[in-house]
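Structure first, commentary second.
First chain written, first letter: the chains are A, B, C, D, E and F, and each begins at residue 1.
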Amino acid sequence: MRYALLVQGGPYSDQAAHSALRFAEAVVARGHRLETVFFYHDGVYNAARLAAPPQDEPHLVDRFRALHDDHGTQLKVCIAAGLRRGLLDEREAARHGKQGHSLEAPFELTGLGQLIDAGLSHDRLITFSP
Amino acid sequence: MQDDTTKASSQVLVILRHGPHGSSWLREGLDAALVAAAFGREVTLLFYGEGVTALVEGQGAGPLGQKGTQPTLEMLAMYDIETLLVDQQALDERGLAASDLLLPVTPLAPSQLAATLAEHELVLNF
Amino acid sequence: MILHTLNRSPTESRVYRQALAAMGPDDRLLLIEDGVQGALPSLVRHFGDVSGRVFALREDLEARGLAGRCDATVLVVDADGFVTLTEEADKTVSWF
Amino acid sequence: MILHTLNRSPTESRVYRQALAAMGPDDRLLLIEDGVQGALPSLVRHFGDVSGRVFALREDLEARGLAGRCDATVLVVDADGFVTLTEEADKTVSWF
Amino acid sequence: MQDDTTKASSQVLVILRHGPHGSSWLREGLDAALVAAAFGREVTLLFYGEGVTALVEGQGAGPLGQKGTQPTLEMLAMYDIETLLVDQQALDERGLAASDLLLPVTPLAPSQLAATLAEHELVLNF
Amino acid sequence: MRYALLVQGGPYSDQAAHSALRFAEAVVARGHRLETVFFYHDGVYNAARLAAPPQDEPHLVDRFRALHDDHGTQLKVCIAAGLRRGLLDEREAARHGKQGHSLEAPFELTGLGQLIDAGLSHDRLITFSP
């Protein structure tokens, strides 16, 4: 089956992102295709490229990146939710006259329409919230 | 358990469970509904639990002057979002009546909830 | 005397019970943010044990369209009054 | 058939009531994260109406030291079983 | 309403209202307590409501293998944090007894709560 | 009186930061001294320098900065909570081998001891949480 996940909790503050990653790994282990992880609400914070958790804690950004690299999962971050919270790629930073960027590939800023699209076109959408 | 107030052809159900100003859930849920409608989907809104307080008439600005979600609610018809279901029990619990609300809504009894969820292709819960 | 703030509605979260259980006989309770829902006449009974010491923040009531719906037993204060309450209390504890 | 997930304990949040009210006669409920507290024998009565259709995530029980304390009426599944539940359901709705 | 289980000289009361793994509140509350102790303050911990579940014996790793807060709890004595108050009612509600807990604690009845808050100079609620 | 605020909610996701700013402005209007705002838990996200809210919404970073500029309020961000969530100043970014930074003056990364210190040495500490 084709799966999509919606992640609405930030890293570390609550379990949502941890639960989503554990579920994601179980989905692909069962032979399903995890096509999309969509980040909304505080979930967009999972894409912060500067996250520096202690060495003895899981690095969530790296774990999400591995889903993309190993399974082709698209990591889509709601652009409106991201901009408000300071998650900008190079292009958006330039557009807003800011130096630097806080989000980079394989995470990508996309419109909320992609969430609706994933929800209707994939076989399953599972949500993890704070 | 089919129910006349919602059509089987409705595709997206957005459940709104939070009031205005206290968090961004209401706003982000409404944004999802508007986008789905703009993409040509049929959208049903369900104001559930504390979500019914989103509809109270006479809302004002937030702590720093932000305008809140009332203007967005007033745009729903423009997006052809016309099925607004409201949790009747939650209204009763708060002593609110349909006349206290800023939009015309369809009351939903607890017994109709499960069928409403079942008949929509996609359910987003905010 | 301690000022307790509460930002959740008693219909959604049970934290109001924790706040009430921790209140001393002179302590005060200020409802803020979504907590002001508790000032509605149909919900204020949850705070019956501390009646007369329940305040609600005017701006948060107004933002939610509830200014005119507040129960008569609830003392309404504005942001300036919130500061005054913190001046009068030895300390402030927030419940969320 | 819908799979409902719930990540809050019935002692803290009233969202479990919303989830229960929205469940159809064949729907299933999966307790995850802090929601697994509801699987304790002294709390499982909150889910009496859907008894036999209540699941709890093994890894979240174990992480909290609750694996051996779970009520016998609760069906314990691991992450793989969680995926199976989503396969079997037409859709999944999360309550938080 | 002075109570023997806590001393009037205690300066900082940290209230822990969340269990392990579900959120970072427990961890961040414990960090605040450890820092206060390391700075030479007298610290009292109150495990309140769902916070009592932090003390349940036999906790395991989190969803991604993270070790949780049990190791931190086991370090409290090293930081001279020895007054661990626990909400007796919350234990009862969950069917837990003192023997189910990983540390020795002092049960606190609801009637002692207000005095405990009053007698500490600083109260941090997590 | 000398006031300190503890802010534990992020911008936009919940009202905590908005309430704190409104209270802060009322505190100084009453003639008190607002010495410290301490950011902990998700409150650290208020320091994200790239935040780009829509034009018709309050810009929280600017409002906090104004407290510092107009009233000398110190804006202290818990370093441990910040690093996990991707809030790094230039020095921490260099230390962790990262390009760029996500936090800058007048916000400053500090230890949690500063919260305890503010709580005990100021006349009042008021907490705003999600």
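Criterion: a residue touches a chain if its C-beta (ideal position, glycine included) is under 8 Å from a C-beta of that chain, and two chains touch if they have at least 3 such contacts.
These numbers were taken from a predicted model, which means no experiment stands behind them.
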Item checked: Both-way neighbours, i.e. chains that touch chain B and touch chain A -> D, F
Notebook entry, point to check: What's the chain with its C-alpha centre farthest out from chain E?
Noted result: B
Check: Most remote chain relative to chain C, going by C-alpha centroids?
Finding: A
Note to self: Can you work out the whole-Å distance between the CA centroids of chain A and chain D?
What the structure shows: 25
Check: Per the centroid of Cα atoms for each chain, what is the distance between chain B and chain C, given in Å?
Finding: 27
Next item on the list: Compute the distance, rounded to whole Å, between the mean C-alpha positions of chain B and chain E.
Entry: 40
Next item on the list: Could you list which residues of chain D touch at least two other chains?
Entry: 7, 11-12, 15, 33-34, 59, 91, 93-94, 96
Next item on the list: Could you list the positions in chain F whose residues touch two or more of the other chains?
Entry: 12-13, 15, 19, 22, 41, 57, 125, 127, 129-130
Next item on the list: Give me the residues of chain E that touch two or more other chains.
Entry: 21-24, 49, 62-63, 121-122, 125
Checklist line | Interchain contacts (touch definition) - all pairs | finding: A-B, A-D, A-E, A-F, B-C, B-D, B-F, C-D, C-E, C-F, D-E, E-F
Notebook entry, point to check: For the complex, which residues does chain C have touching chain B?
Noted result: 7, 9, 11-12, 33-34, 37, 40-43, 59-60, 62-69
Next item on the list: Spell out the part of chain E that touches chain C in their complex, as residue ranges.
Entry: 1, 17, 48-49, 110, 113-115, 117-118, 121-123, 125
Next item on the list: Name, in rising order, each residue of chain E that touches chain D in their complex.
Entry: 18-23, 49-50, 53, 56-63, 68, 90, 93-95
Margin query: Quick check on the complex: what are the chain C residues that touch chain E?
Written below: 2, 15, 18, 21-25, 27, 90-91, 93-96
Next item on the list: Give every residue of chain F touching chain E within the complex, in rising order.
Entry: 6, 40-41, 80-81, 111-113, 115-117, 119-120, 125, 127, 129
